[in-house]
Structures are given as C-alpha cells and as structure tokens.
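Note that the chains take the letters A, B, C, D, E and F in the order they are written out, and that residue 1 is the start of every chain.
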Amino acid sequence: MEAVYAFCVGALTTCGFFLVLRGRTFTVVMGLTLLSYAVNLFLFASGRLTLDGAAVLGQSTVYSDPLPQALVLTAIVIGFAMTAFVVILAMRSRADQGNDHVDGTVPPPPPRATGSYRRNS
Amino acid sequence: MNLLWVVLLPLIGTLVPLLTERFGRSFCALSVAILPAWSLALVLMYAGDIFDGQDLRQSIEWIPSMGLDLSFRLDGLSLLFLLLILGIGLLVILYARYYLSSNDSMGRFYAYLILFMTSMVGIVISNNLIQLWMFWELTSISSFLLISFWSHKSEARKGARMALTVTGAGGLALLAGLLLIGNIVDSYDLDTVLANGDLIRSHAIYPVALILVLLGAFTKSAQFPFHFWLPHAMAAPTPVSAYLHSATMVKAGIFLMARFYPVLAGTDLWFMIVSLTGLTTLLLGAYIALFKHDLKGLLAYSTISHLGLITLLLGLNSDLGAVAAIFHIINHATFKASLFMAAGIIDHESGSRDMRKLNGLWKYMPYTATLAIVAALSMAGVPLLNGFLSKEMFFAETLNQSILGSLSWIVPLLATVGAAFSVAYSLRFIHDVFFNGEPIDLPKTPKEPPRYMKVPVEILVALCLLVGIFPAYVVGDLLSVASFSVLTHGVPIHNLAIWHGFNVPLFMSLLAMVGGATIYYNRRHLFQFQSHFDEPDAKHIFEGVIQSIVKATQRITTTLENGSLQRYISFLLLFTLVMGALPLLDLTQNSGSRPQLPVDGMTLTGALLMILSAIATVIWHRKRFLALIFLSVVGLIVSLVFARFSAPDLALTQLSVEIVTVILLLLALYFLPQNTLKESSPSRLSRDLLVSGLLGCVIGTICYAMLTTPLDSISDFFIANSKTGGGGTNVVNVILVDFRGFDTLGEITVLGIAALGIFKLIAKMRIYIPISDDKGRTWSNDPHPMMLEMVSQSLLPLALLVSVYIFLRGHNVPGGGFIAGLITSVAIIQQYIAHGVKWIKPRITTNYQWMIAGGILMATSTGLGSWLFDKPFLSTWFDHFHLPWIGEFELASAMVFDLGVYFTVVGAVMLILANLGKLSTSERFDETKEND
Amino acid sequence: MLSIAATIATTLVCLSLILNLWRLFKGPSRPDRILALDTMYINSIALIILFGIFSATTLYFEAALLIAMLGFVSTAAMCKYILRGDLIE
Amino acid sequence: MEFWIELIVSVFLVTGAVFVFIGSLGLAKLPDFYTRLHAPTKATTLGMSCLLIASVVLVSFRGGYLSLHELLITLFLLITAPVTAHMLAKTAMHHKLDIVDRTSDKELAKKARERMAP
Amino acid sequence: MKAQPRFRLFPMPAHSILLFIIWLLLNNTLAPGHLVLAAFLAITIPLLTSGLQTPQPSFRKPLLTTRYALMVVWDIIVANFEVALLVLGPSKKLAPAFIAVPLDIRHEFPITILASTVSLTPGTVSAEVSEDKQWLYVHVLHLTDKEALIALIKQRYEKPLMEIFEC
Amino acid sequence: MQHLPILPILIPMLAGVLMLLPPIGNSINRHRFFSVSVMIGLVIASALLLLTSHQQGTQMYVLGGWQPPFGIVLVADRLSTMMVLLTSVLSLGALLYACAGDDNDGMYFHPLFMFLVMGVNGAFLTGDIFNLFVFFEVLLIASYALLIHGGGKQKTKANVHYVILNLVGSSIFLFALGILYGTIGSLNIADMAVKVRLLDEPGQALVKAGGLLLLVVFGLKAAMLPLHFWLPRTYAAASAPVAALFAIMTKVGIYSILRVHTVIFGEDAGALASIAVPWLWPLALLTLVIGAIGVLASPSLRLTVANLVIVSVGTLLVAIAMHRESATSAALYYMIHTTLVTGALFLLADLVSKQRGKAEDRYVIARKMKRGKIIGIAFFIAALIVVGMPPLSGFVGKVLILQSAQGLDEIAWVWPIVLLAGLASLIAISRAGTTIFWRYTEDSNIDIPIAPLRVIAIVLLLSASPLLVIFGGPVTDYTNMAATQLHDTTQSVDALIPGGSE
C-alpha cells in the first residue's frame, strides 16, 4: 500500500509541476492545485498510513498520528487562501494586460510545428 | 595633549561655512579659516615635542571587534603633512574667497573643502589602519564633491566620477591590503604594525598585501597607469586643484608609501614595482606636460611627473632616497600650489587657460607674472630655488641605484631626460604665457588680481625662495623628524646646502637645463612629431570602458532575467531537484523496517482514478473546463484517501475546500480564455516533463522511504492529553484549537488577508465579459432556472443546520469551525448561483469585512482572555456543567475560538465570492479588445 | 456473509467508479462529463458508506453527507457555467 | 450478530451496490446523453438508499441504538438528483447535443431549449 | 415581494418541524439537551433564512402529503427496477422520446415537486419547464404510449399535488 | 511584562483587525493616526523585548501553556529580538512615508501593512518550524496584497510572477516540513536539533534532503541565486512604502537560513552538520556577482536599489556560509545597516520619481528637480551608506565581513568579490546620482512639494546609519553576543528543553 501511495504522490507532484511550468495563468493555477494535493498527501504521509485509526479517542484501538493531520488542515486552508488569491490575480492580470500569459505578453508561436496550431477562441 | 581636536576642529569647521555663508563672502572666508587655524595652532604647539623626538599618541576605544579605535599619532611625518595640509589649506581658503564668483555657492564650496581638509588631517594622524582607511575614503568622497562643484558642466561630472572610480577602486584595494597587514600582525594598531616590519616582509602574503597597498597609493597619487584621472580632475575650480592636486590629495598616496616604508619597503619587490612605476610616471608626465595647451593641463601632467619622481625616490630602498622624497614633497607642494594659484589668477583675470591665446601677459600683470615665473623656475629646478635642491638629491640617488642591473646607467640618463622636459615645459609656461607677443581673443582684458588674492601666492613663492636659499634653517629640522618617522632606525647624513661642489648631479642639472632649453626652442618640430599620434582622451576611453561594462552587464541581465516566469520556475525546480535528489544518493535502501499495509482493490481503484485523472488534467490542460472537471475528480479522490487512512477531519475539510475552489475557478474561468493554443515546442514539453518527472520521482521516493521507516514522534503526548488537557476527544481538532491554536490563528489571518487582498484586486478591475462561450454559442436565456431556485432555497436551512451540527461536534468528533464555515458559505453561494446578485443584495446585508475582523478578533480574544488568569496567550479553559433535566454538557473557550474561525471563514469566502459575482453584474460590456 | 456481501458491494462500486471515469474520458460532450462527475460523487458516497461498514465506525458519515450536499452544488455550478458562463450574476 | 440482521444487511448491500453499478453501467453504455441521464439519476438513488438502509440496520445493531442519520443523505439525494438532472438536461439542450435518431418528437427538444410552448 | 410570515416566530413552520426532526436524526438522540437545542435551531435558522425564501403555497394536508410521499417512494422502487432492466437490456431496443406535459399547477414550488417526482419515477426525466409554466418537457427512456404517460403523470402526481397545495 | 514576547505579533495583528472595524476603519485619517501610534508602540515594545532578552536571557513564551516540544513556543533571544526591532523601525519609516498619501491609492493599506509586520515578526520570533511556515504565509499573503497597492500593469505583472513563484516555494516548504517531521518526529526547532543527532543513516539522508529543500525555500525568499529573478522587477514595481517594507522580507529568508542551518544543522549535528555550507559558498558568491552585475545594468534607480538588495543578500549569505561566530556577528550588523538603507533608498527613489515627471527615476536626462537639493543630500548620504563608504555604517559592515573571512580558504574568492561588488555599486550609484541630480534639460517651473512626513521618514531610516557607526562598539558587542548565543546550540537547546542537549 505504501508503494501505491508514494507512487500517487509522485505522480501528482509530476503533474502539478508540469502544469506550473506552462505559460498561462489558469493552467498554472490548476498545476498549483494539483501540487497542493501532492503536498497535502505528502505531509499527511509524514505520520505514516494507518487503517481504522482515526485520532478520535475511544473510537479506535490504534491511533493514527494526529499531528500531521492538523498540519495538513492548516496547509489546506492556507492553500485555499493562496489559490483564491492567485485565481483572482489571474483575472486581474487578464484585465490589465489583455491576455492571460504569465508574463503579460503572448510570445510568438514557436517556429516549425505551426501547422498544428489551431485557434480555439 | 588632545590630538582628537586636531581632526575634530576642522570637522566641526565643515558646518561653519553653511551657517556663515549668508553674512557675506569675507566674513564667511574668515570664519571658515578660524577652526583650521586653531587646529594648525594646536599642531604647532605640539611641534616642539616632535622636534624633541617625542611622538604623541592618543587612543579612544571605538569598535573593538572590528579593531577600529579612534587612535592618533603625531610624529615627524604627520607633522610635516599637517603643516602642508593646514597651512596651504588656509592659503587656499583665502585664495578661494577671491576666486569664487558670486554665482558659486561659497558655503557649499568651503564645506567640501574643509571636509576634504579634515579627511586629509585624519589620514596623516591616524594610528589605526582602519581609521586611516576611513579618512582615506573620505578624501575620495570630498574630492568627488569638489571636482564636481560645477556640476552643470559635463566634464566636471565626468571628471569627478572618474576620480571617484579610480581612487575608490584603489581604496578598496588598500582596504584589502590593510586588512591583510592587520591580519599578519594581528592588530590594526599602526604602532604594532610598524614594529613588525620583519614579520610582515617575511610573511607569505606580503606580496599580495604590498601590491594591494600600492594600488591604493598609486591610484591616489596618479601613478602610471592610473594617472589619467588627474588631468580630468582639473575641471574643478582652481583652488581645488591648487589644494588637492598639488599639495594634498595626490600626496596621500605618497604619504601612504612613506608611512608604510618601515614595513613594506626594503624588499626587491618593493624596489621593482615602486621605482619602475615612479620612473615611468616621471617620464610620461614630463613628456605629455609639454604638449598641453591648457595651463592647468600642463600643471596636472607636471604634477604627475613630480609624483613619479617622489615615488621613484621612495622605491629606491635607500635612506637618502627617502629623505630626498620627503624633501621633494615639501618643495613640490609649495611651488606647485603657487603655480596653480597663479594659473587660477590668469584664468580668473583673462578668462582663458589656453596657452595658445595667452600671450604677453607680463605687460598686464607683471607682479603675478613675477611670482609665477619664480615658482616655475623652481619647478624647473633652477638653483637658489627649492626645486633645485631636491632635484639634485634625486639625481644623486639615481646614480646610486641598480634597478636595471648592468643597464642601470640608463636611469640617471632617463632622469636627466625627464628633468630636461621639466625644464622645457616650465619654460613654456613662462614664455608662452607672459611673453611671446600679444594675447589672442581673450574674453577679458587681463589685469592684476585683487590684492589679497596674491597673498597666498606670495607666501608660497617666498617659501620657495627661503627653502631654496636657506634650506637647513628653514626645513632642516622638519625634514629630519619627518625622515626619522619614515626610516625609524635613524636618519642618514644629508647635507641641505645649495652648493655641493662640482659633481655629477650638478652636471646632470646643467645638462637638463640646456636640454630643456633646446627642446623648448625646437618645440615646433616636436609638436609636429607629436601631432602624428592621436592623443587618446582618457575621458572618452574611461567612459567607453565603463559604458561597455554596463552594456555587457545589461546583456547578461537581459539574457538571464528575460522576464519569463517559466524560466524562473524552471530554475527553482531544477535547484529543488538537485537539493532533493543528491541526498537520496546516500540512501542505500528505499524501504525501511516498518511493516507495510496490504494493497486492496479499493485503494487500487482510487489510485487508478487519481492518477488517470491527474494525467487527464495535464493532457487536456488547454481545454480548461475539461481539465477542471478532471481536477475535481483528483480532489474528490484525495479526500477519499484521507478518509481511507483514518483522517476524517481532513476528508471533510478537503471536500469542502474542494467545492469552494471549483466554484471559484469556474467564476474566474468565465473571465479568462476558455482554451489555450498549443504554445510549447515539443522540446520544451519534453524538458518540462523530464524536470517535473524527476521531481515526482524524488518526492515519491522520499515518500516511500518515509512511509516505510518507523517514526518516534511527539504525537503520543497529544493523544494522551487531548481529553484531559484540551477537553476534547477529537485529537486533531484539539491540536488545531488548543495545542497548536497559534497556527490556526495564523491560518485564519491568512484567509482573512487573502480575502482583503482579493477584494483589493477586484476593486480596480476592468474586466472583459464574454458574450458567448468558447464555441460561439450565445448564453442560455434562463439565468435563474426555477427548479434550482426552489430547491436551493429549501436546502439553505438544512445546510445551516448541518453546519451547526458540524461545528458543535468538532471538538469531540470530526468537524469544527472551519468546515462548518465552508458549509455555510457554500450554502450561501448556492443562493447566489440560483438567485443572482440582484435578488440577494437586499436580502443579505451582512458586512463581510466586519465579519472577518470580528472572527479573528473573537479567536484572538479567547487567547487574550487567558491573560486575565495570568496564563500565556491561547491557554484554554474548559469545564463540564450539569443542568437539571438537560444533563451534562461541556463549555470550552476553544469553542469560542472555533466560532471565530467559523466567522472568519464565512466572511472571507463570502467577501471573495460575492464581490467577484458583483463584478460582472455591475456592467456588462462587449469583449472588443482581445489580444490573444 | 456480511464481509462477502461488503466485498461484492465494494467491488461493484469500484467498478462503477471506473465506468464513470471511462465516461469522463470518453465524453463526448461537456454535459456527459459533468454527469459522469456527478455520478462519481454519488458513488463515492457509496464507497464511504461501505467503508464505514468495513471499519465498523460512523466517523465517516459526515463525509458522505458533505459529498451529498456539496456535490450537488458543484454540479449545479458547472451546469450554470455552461448555460450562462457567469455563475453569479 | 444475528444471522437475520446479517442477512438483511447483506441483501441490502448487494442490492444497493448492484443498482449503483447499473446506474454507472447505463451511464457508460446508453446511446445518447438524454438516455444516459436516466441511469444514474434513478438507479443510484435506489442503490444509495439500499446501501444507507444497510448501514442504518448495521449501525443500529452494532451500537444498540437506532441510528437513522443515514436517512438524511437519502433525503439530500432525493431532493437534489432531479434538479441535477434538470440542469444537466438544460445544458444538453443548450449545447444541442446529438439525440439518438430513434427518439420520437426530437423537435420538442428545440422548443424546450427556448422554453416555449410546444 | 417579501414573504409574509404567518407566525412571527415560525416564518416557515414546515421547515421548523423538518429542522427539529433532522437535528435529532443527525445526532441520533432524544436527549433533553438536544431537544432544547433542536427547538432552538428550529426557531433561529428559519428566522435567519426566511428573508431568502420566496413566498410559496405551503402544505395544507399532512395526511395527503404523507400518502403522496409513500406513493412516490414506491414508484421510485418500481421505476428503478424498470430502468435497471432497460439499461441491462440491449440499448438498440430502447425507444426514447421527448414529450410535453401540459401543466395545471402554476406555482413554482409545486411544479418543482412535480418535476422532481417525474424525474425520480417512471423512466422519465424532467428536462425543462416552459417559461409560461404551462408545459413540462420530459425525456422518456422508453416510450410505449405517449398519451398514457401524460395521463399518468397528471393523474398520479399532479392532481394530488394540486390538492396538497390547494391550488 | 511576561507577555512581552508575543506583543510584536499581537500588536500589529490586533491593530490590523481593528482597522477593519468601525470606528477606526471609517476614515483614512483615523487609519493613519491609529497605525502610526501603534507602530510607535510596537517600536517601544520591541525595544523593551530586546532589552529584556539581552539582560535577562532568552525569553520564552509558551503558547497555551503547552511546554515544548509539544506546543508552540516563541523564542525571544538576542537575534530574534534584534530582527523584530529592526522590522519595527523600518516599518515605522515606511509607514510615515505612506501616510503622506501613498496609503490612499488603494484599499486596506494600513491593515495589510500591519499584517505584513505581524507575519515578519512572527517568523522571527517563533521557535516552531511549522509555525514558521504559517507566519511565512501570513507575511506572503500580506505582501501579495500590498504589492498591487496603487494598481497598474507593472504591479499586476510583477505580482503574478512573485505570487506563483512563492506558491511553488510554499509547496516545497511543506514537502520539506513533511520530510523533517516524518523523520525527526518533532517540530520544535531546538528539539529537532537534539533529535537530529540520534538519527540512523537512512534517516539522515532524508533529513538532509529536507534540510536542503528548506535551503531552497529560504533561498527563494532571500533571493539567492538562482532564485533571485523575481526580486528586481517585484521590488521595482511595488509602491515606495511597500518596497521599503519589503527590504525586510529577504532578511526573513536570510534569518531562517541562519536559524535553521545553525541550530538544527549546526556543528553538533554529526553527519548532518553544516549540510548547506558547501552549497551556500558558490551560491552566495554568485548572488553577489549577479547582484553587482544587475546594479551596473539597471536603467532606473528603483532597479538599482532592488539589485543592491541582491548584493546585500549575497553579502549576507557569504557571511552565513562562513559558518562562524564572527561572520554571523558581522552579518547581523550588516543586516541592520542594509535593511534600513535600502528601505530609505526605495523611498528616495520614489521622491525622485515624483519630481522628474515622465522620466521618473530612469537614468535619462529630464527636467530639473525643483526640490532636488534636499533629495540630493539625502541621496548622497544614502549612497555613501549603501556603497560602503566611510564614515557611515556600510563600511563597518563590509569590513567586519571581510575580517571574518580571514583564515578561510575561500578568502581568495570572498574578498575580491565583495570588494568588486562594492566598486560596481560605487560606479553605478555615482552615475545614477550625477545623472539624476546634475543632468537636466531646463529649469522646470513645475513645483511638486515634498510632504514633510516623507522627509521625516527618510531621515528616520537614514539616521540609523551614523548611529550604527558612532555606537559601533555597543552594537557589535550585541551582535557578537547574539552570534554566540545562536551558535551555542547546547545552551539554546537547554534553555528551551531543560536537559535536552544531553
């Protein structure tokens, strides 16, 4: 189970970082969200995996480590606040600059491969 | 005895002109002179002790850990320099009174000048290396201010900057050198340093220290190849040139060499560097001086040449050479200062410094001309004048050296050649200016200057004569004590007399005179010859070099900081990768000894769903809505994972945050492009994939290693004390509101600030509103579907009930203020979605900003409440109560804290979402400008 | 018997989730995908209930309740987005 | 635990899961969006109800008290499922999704889209 | 248009009762403390939210309402089996259809309940209500007799609802 | 008085909250009056805290009464109290400047300002590594919001970069915290320092990864190469008082490196001792080089100052890389000096901008400043300070750092680079000054008055420099003691967890 868990964390991390490296604000925000999932799972994992051990007194025989859970809770809330801010910032950036590129200017399309370009909007 | 005052008086004097400027020019000049004169008087008072062979010292502790003390010494060398600095300084003050025009700010000028004087005084009486350096740099600064005094002139700015850059660079080298010396002897005290000459010279680091110190000295004293700044410093008002560029600042380098003579000189390295530099400078300066048409230019190169001469003398490693050097310091200061002043008078009275225009001034200003001619003859080394004496000593010393081995005979030859050129340019100065026909196109008709403007020149010229005729009486003692401080082990026998008999040096002098006259007589050929060479303008070269450095740095900066966030993130991730991956190479085994859980189908399904959805998010990231759906699947699975692994609180929180996030993203997506073009090249994609993939591997590996290693943590404490100490059975919640309540307080503050920030962002936003979706379909005509309205409003009370339920149980079972707050918010948002802003606005009048503030305040005040009971912030209180019929119930301050959390969350979420909603509603206009 | 039944039920729910994912991938339209997501929410409630039965605990009830409540909001929001673009107008 | 209880719970569990599964199966296999909409809207409500009843019975017997709060989830699902379906149908009509050919009165979808009388 | 509460303390009596019950359900208890709390919430929450309710006709006939609810539950069960069979069967045999059901109820809330009932029961999903609220558009998974279905909806569901809401 | 250690966090927090509520929240003038009074109070409280901790030893504040390592503690030692006082003074300067009008260019300036100060002070005072994360986020979110204060494209653009980079940074922070908690099993920094010594080999490898990831995070905040790219444009885009306040933000990164890598990974950490040092050396020096290059390349005063911040970061990192008491002490002295002067320079750049019309603070010829004299004098003094010219504090800091490199092999790199960076600053600043103040097209008749408050603010910040020199002895005594305290992990651990160091 631990291997599966770790694999998932790794996969989410990869996806998150990959999206963060893209050039559009909204995509980056999605990347950050994926990344925060990975982070939260990772931080949670620092207390190890426990089945049937919710840290509620009297409800279990073996308790899972409650501290990382509290930390993840804090991290989730902070992550939410940050995501909210960055999303609105993305809107503001679009409003101010006229496009949603992270650098505020749309780079010219890369040479070659022009044929496969398709305007969607 | 209080040496501090010697430097403190002029320092205070810096302020005097600023205060007295308004009372008239003469008063100002007079008042300015008082404190330096006082200081000079102090020095003269102490002079007796010095002549008695007693050096004076004073030390006040300042910054001991840096080795910096306020530490002063007054010995022969300092005395000599103090007399020059303060004496000539006073003359310059007088001179400047008449030189400056009424347009010039006299107060500012004198302030700079006295600041400079202070720093020079500081240099020469320092007994601490760092203090010395401090004053050294102050001279650079004050000379920058003085050179740029006429800051509206381009050459003044450039000249000042050049001087500052060159001397500043030298200053930094000097600092390094001094610190090295200080390190070798383990003290920055000059006495200690001077007492440890052998230790320093034999130290491995000596060559480095020597070169660094010499760099400082050479730049300041305009030695080749750093001489180029000095001519450009002539953009300064002439009193400045007379003071700084003849008598004082340029001598600071010489002073430095003299000061460190006991510890740095005496080695072959010293000999090679110092004497050769001096020689080169001597010749170069003398040669170029001849060709300068600008009076001050001529004098500037002459100064360079004479400084080279002094340097050469110091470099010869001979005691007599050192004495000659010191003697020439005095002599050069007197004749050069007077020459600069004379040049200033000429400039002042005729409006030009160009020797091609200045002719026959003898007729117009015979008195000044006489003074200038005497000083120039001294410069040329004519007998009965002081310049002659030191030049004789110099010639004598050139005969006693062996710089170039068997070729050393060249040195006296070259010295003679240099002296010949010196004679030639002196002749030019005399003949070209005062004779040689009539003036050409002068802006003003020349006349004698005001009476008192001549006084300083008179005094200096008189000194030239006095020293030249009665050297032993006038400067003999001073030279001895000064030389003694340089040589420390005793002054060699030297004969300060006009007549030494017919000897080789006299012959060399004669040769130089004749040669100089010949050169000057045949100057036209020489000028013609010289005109074949493009005279490099140091200013242009220097500016060019600086410009090209700046250009190069700009290229580097624009290449590195190209404004691409993707690049910056790539750097961040690559760095992270290196930092995370390298330690893992030491990890021999991935899995630890902790028993692992068996894999089951449910988990595998979850993993499959999560990974596939994550990948789908990535693959379809350019179709944003689609990606968003996949993203919410990942979020859903993450919360299921939390539920699976015994973290119900996390599951609840993740779920509710997830939904709010999705709503928020949807709200924002409306104002953003729905789809993106393919922008990244395949190579970029594969590169990014590689980086992020490797990072994923690193994180995954660490995660696996961590999960399989046993952990001994502090958590048992929380489980043991949750009920007894925190009053709740839900340990996670008790940690949040009690054990680590401070984190939570910070966390809700973050949320509140985010809401404020978002409100701030929204407030000035001018948004484009799409009138159709990404496929060009116009929007549906049903903004508020009836069924949705009906069901949403029916669900609202239910949702509120659930949030109360979740809130109240939080302390003992999964739940709590945060989740409850999110549920409430979602329920209200649902009303917004179903009914719209217009409908809601009159119905919900809550001020969300106050709600946030109130929430945080509530949470904080439970913390503050514990102060009343003399307990630290956030100490909690709880107790069980029994009421008849109702039964036992618990009250805890943590619940108030949690209520604060609840209000903050509701306030923050609603402030964000409700205002975001209002954005589009207030005004809809067409999306006309679309760049992408 | 109970554990066998629960295992069967879990397997079926898991299969359902995979089917939902399949529909989510296949689409072809946005409403299809939203529907698939909504079904996924509901199926995860099932999963959580089963999970509670397995673990003999009621600690996860609230999670299920929340999915039921919030999943609806999310679906409604997505539909509103498609219909009007603007969620709150 | 009593056999009967276990049996009841098991039957409800399996029935519920089967309905849940059928809902998802329908979602996966039915030909067009409108038909697909039926499967999860209906099948899952009953499926979920069965599962929740199983839970109610089980928890009540394990805990020794009547645990009915699962019913609340059912209530929520019953209230929200039709609205969800309605909203989804609206979006489908708005997007003029393909309707499987053999559907009768396809034109009505266009009327419904504009919310006009037929 | 603001809701006109009939009782100041209970602007939404039905909701209040529902909330009272649900609170006890949520907490699985009949403890006196919770009864008090439930009563308290049943009063305060409607007071807080009544501003966000559009006035609707309310339930007048509790018995009839109960009967209706039970009938719907039964129909749900039946419908589920039907749909399950249809889903499991070959999808080529399906005969989907759109039908428009003329409505006699005019009020929003009863229409919503009717539409919901239709969605939950016999192989139908309410797709849309016409703007004039006179027509309910329904998608049928497998239509055999259109008129019969319309009649069924009107008779079995609309009529009792009209009685319940007295409109 | 027992609650003194928490006041630097609580005062700004409560002030920020109260300013959101009536009656204080109702007008900008009330905001101004309130926040300036609060900030003066904060300076006093911080000074008291510093004195208390200096005289009576490290002050511990056990939040909620939960003893370390279980609860969160605030640790007011010489280092942290010094940083807090520094923050307060800088904030007061920036705040005074803002009160002359910049605070009214957007909403919530004063509350956000307070929250930023709260975050910074919290980060300095906390003794818990996760709490450090929380305060990092507090100060970051406040800085995100403040950065857009005043509006405009440049700010938005800079903010996008700044926010996204920092969000990635926060993720890495959490990864690092996960690793550290997952191996060490504690969050209290002192406790971690104790437990890190007991780790077995695989644990050590993991903790090393965690520690180095923390270096990445702190390096990002500190603007260490190659993570510095965000800084110049961000700082140049921010409105003046915000930029001035941001001068402390890089120092939070520096401080955290100092705290974590000398306490947890200090000399006593066995195999994990000084893990960051091999990395810090090249990175610090390169940061210095890049900063110097940036200083030379900058086309405007604000960018120059921003790059000077990078230079100062490089210098500080060099000192940290030396990993010895004397260097730390030098770094602390330099930190006070550089923070205040760069703060003042950002304010000055703004004054210049406002006077020069369209040319703003760019190095191009422009109309003459009507009120150039006072600005010029202030600029000249600030320039001397920042370039490291005597007799102002820059040279003391620089010399201290150079001195502390003596005896190290790296001296061959440190000295030339530090000195040449100084030369580059000298060249750049002298060009900047001569161009801005002495090159002009025509005398302008547009007179833009300078609010006295602005001058007061700048004078306040600049006056620290001569004081730092005049009282150089006591100040360096203090920094020496602070450095000793920081490096003596045994003692600091014992102070926190009695008997913990054994």
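Note that contacts are C-beta pairs under 8 Å (C-beta built on N, C-alpha and C of every residue); 3 or more make two chains touch, one makes a residue touch a chain.
It should be emphasised that the depicted structure is a prediction, and the values quoted were computed from it without experimental measurement.
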Touch-network distance, chain B to chain F, counted in steps: 1
Between chain A and chain E, the fewest steps along chains that touch one another: 2
Most distant chain from chain F by Cα centroid: E
Centroid-based (C-alpha) most distant chain relative to chain B: E
Closest chain to global C-alpha mean, per-chain Cα centroids: F
Whole-Å gap separating chain D and chain F, where each centre is the average of the chain's CA atoms: 58
Gap in Å, rounded to a whole number, between the CA centres of chain F and chain A: 29
Averaged-CA centre spacing for the pair chain F and chain C, given as whole angstrom: 48
Multi-chain contact residues (two or more partners), chain C: 10-11, 17, 30, 34, 59, 65, 69, 76, 80, 82-83
Residues of chain E engaged with two or more neighbouring chains: 22, 26-27, 115-116, 126, 129, 131
Contacts with 2+ other chains: residues of chain A: 16, 20, 25, 38, 40, 42, 45-48, 51-52, 54, 56, 59-60, 67, 71, 74, 78, 81-82, 85, 89-90, 92, 97, 102-103
Pairwise chain contacts under the document criterion: A-B, A-C, A-F, B-C, B-D, B-E, B-F, C-D, D-E
Chain A partner contacts - residues on chain B that touch it in the complex: 563-566, 569-570, 573, 591, 594, 596-600, 603-604, 607, 610-611, 614-615, 617-618, 621-622, 624, 627-628, 631, 634-635, 638, 641-642, 644-650, 653-654, 657, 660-661, 664-665, 668-669, 671-682, 684, 688-689, 691-693, 695-697, 699-701, 703-704, 706-708, 711, 713-715, 718-719, 722-723, 729-732, 735-736, 739-740, 743-744, 747-748, 750-751, 753-755, 757-758, 761-762, 765-768, 774, 812-814, 818, 908, 912, 916, 929-932
Contacting residues of chain A [partner chain C, same complex]: 51-52, 54, 56, 59-60
Chain C residues within the chain D interface of the complex: 1-2, 4-6, 8-13, 15-17, 19-20, 22-23, 29-32, 34-36, 38-39, 42-43, 45-46, 49-50, 52-53, 56, 58, 61, 64-65, 68-69, 72, 75-76, 79-80, 82-83
Residues of chain A touching chain B in the complex: 1-27, 29-30, 33-34, 37-38, 40-42, 44-60, 63-67, 69-74, 76-85, 87-92, 94-95, 97-103, 106-107, 109-110, 112-113, 116-121
Complex contacts: residues of chain D adjacent to chain C: 1, 6-7, 9-11, 13-14, 16-18, 20-21, 23-25, 27-28, 33, 36-37, 40, 44, 47-48, 51-52, 54-55, 58-59, 62-63, 67, 69-70, 72-73, 76-77, 80, 83-84, 87-88, 90-92, 94-95, 97
